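Labels A, B, C and D are assigned to the chains in the order they are written; within every chain, residues are numbered from 1.
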């Protein structure tokens, strides 16, 4: 890892600069309980530059100067902040960038994600809920419809986060319409064409995960046909 | 749709100007989890002008310049913000304006609304709860009483939001005392004589939806007679 | 009601002036979900002056100019804000002032209070929880201990809030150690020697109400002996 | 207790000064519902000086001038704020400082901690959850792994908080890898090498306590083997 420290890469008065946005969004995610206890991570790509939050820091207290910057083409760090370790999520963010041409990738320890990962086996599915329409089809232009089924693959966790790389890449390949992967007993990775799309997808998915847990607790199948909930109603 | 772009319609230093209020209230609704993932919508009427938040944007990050403005009489857009799409909720907001002479209409994806829509068939009813008194009788002046039953019709969702128009209008006609309509597996529409009344009705209804889910989980009927909860107590 | 409008009674740069504090605390209570939809109320006494929030307004948007001021000795309004109605809670606040010499009284529609009122008959009791120690003994100086039982009477709701006066006064008389009264299917009244004590008691009680609901859902009696929860553990 | 009042010990423009940090962190903890109703406490050590929040005050409204300062070597108060009582947690904070050389100790009344204390007997254990990796091994350098079991001892509550000292010290001795102790029907004590580590450990533990309660409610053992949740899935 080079000792290079190119501070101008992360210094900007523009609030939409990736180094600034990462800090702003992590404060938001912290308030949602998604990245407490130094959990989670985030990366934004701008052209061939990748901005990555460091490992093991309080996500709500980061400043732009804490950001790693990598060259997507060479996978070399262009900037390494002093005294900080690169995120173990980096290989996983790179998978989203290289396989899917993502513009940003968000990783949270959302409890909704963890609980859903305990209730489902290989995939999480939910259907016939309006909020599904916020999510992209990916395999063709446009968004899912109300009657579509959202499918998110679930992979097994590993001792070291970077070792999730192979199974995450496999899941991305096996589920070409997925914009997220759940990691059992761990959390979720969500990516999108831009940072804002990644944020919106993450919000929409977390809403659906939360709703699915509530539905299961009420005995309603989240991917059940419209009207299948009537059995519960009559009880 | 005309290319007209009359910016003065949305530029004001007055925080109570509709274009400013829409932005403020959507930040509030976002923090309540009602409009995350670009979900939901809102419209305010001032005289014959209707202000409408655009489609598919992050509701907590809107600025007044993002607002559509329509002439209620002609249904023509007086202002179309650049690069934004009109809300698919527009025909539904118009139903509240034309059938009920509403001053504002709020649409959320509140999870309380979605869950209630899964637990009830054609109507949601709750009775004998103090918070009901925040809601209007509509068919006559004044507000519901503690012993009254609040009734909110539930309509089926459609693939496209604008296609809800006919069933929403039917529900408004069939339930003349309703100030809201639940959309199954989708959310809720709430309107009021003014934007503040719509906001208060929406808060009071969401409180009652949340309480109803809790009551059902405890085995208590939300529209049961006072004392009917005793059976649960004795278990 | 006199037309007197003595604005100096509510105009102060001191943030601890009752008219300012009422506004600050109601914003806090709103964020807790205790006074949404214009629900709830609050009053602070300073010497012989009683400051009371008006009826039917958005509690989080009040300004000091909205406050009613009453003379405790004569029960006459010294200040009546224009276009606002006196709170229907006023007779209930007066009960706390006259019977208990309270310095402030808080009324919320807390869902924890409403749910507990559905699960208990005449009184709510909880014991052997550390947070109980935040609550006063009242009948003698000092605070409850960890092994003590907190008892809060529950009265039936009435069509009009002011009609709660007799049963509230009776409950205050019958339960001399209570610093709060639950109103079934409605909410709670909490008072204290000062506004800060009332706020702290209200927070501690709401914490205990929330905990009691969770304990009941887990099959644990909130007023059970230490160790009685073991039956649940073993299941 | 000396009447000494050395104000310079707590007056600083540096936001990371212990007297300032205690105030900031308590506002954060209050918003999490961990220290409402004057509950909880916190202490930070800097060299041989111990800063301690006072007893029985609203934790979110403290100012640096409210802080007690003690000399760790002599256990004498170097500063006693006027009209405030020392925290009953002080002997417990001292246990963490002297036995574990902690840099800070946090005490909350978190409902997740209280509920877990009702569901477990002598120890709380959770395993195979990613968030566990935020917690230290203590008995050797480094952090717990995904496959490790986090163990937190539970001690019985006493009438007076200071009387927890002996059993807390015993638990710290008996569980050398624990960085926290649960107090049944009361809350939790969490400490760390620095104030930031204590904060992160507290966040990670509270996340795990919350998750454990959800797992139990779904019939899943929080310390069960990976895959043991499948029985629930199939139901």
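What we mean here is this: a residue touches a chain if its C-beta (ideal position, glycine included) is under 8 Å from a C-beta of that chain, and two chains touch if they have at least 3 such contacts.
The model shown is predicted, which means the values in this text are computed figures rather than measured ones.
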Copy pair chain C, chain D: interface residue numbering same or different (half cut): different
Whole-Å gap between the CA centroids of chain B and chain D: 43
Inter-centroid spacing, chain B versus chain A (mean Cα positions, whole Å): 31
Overall pattern in which the protein chains touch one another (line/ring/star/complete/other): ring
All chain pairs that touch each other: A-B, A-D, B-C, C-D
In the complex, chain D residues that touch chain C: 33, 36-39, 58, 109, 111, 114-115, 118-121, 156-159, 183-187, 217
Chain B residues touching chain C - in the complex, by the definition given at the top: 128-131, 134, 145-147, 196, 199-201, 203-204, 206-207, 210-211, 214-215, 218, 220, 226, 229-230, 232-233
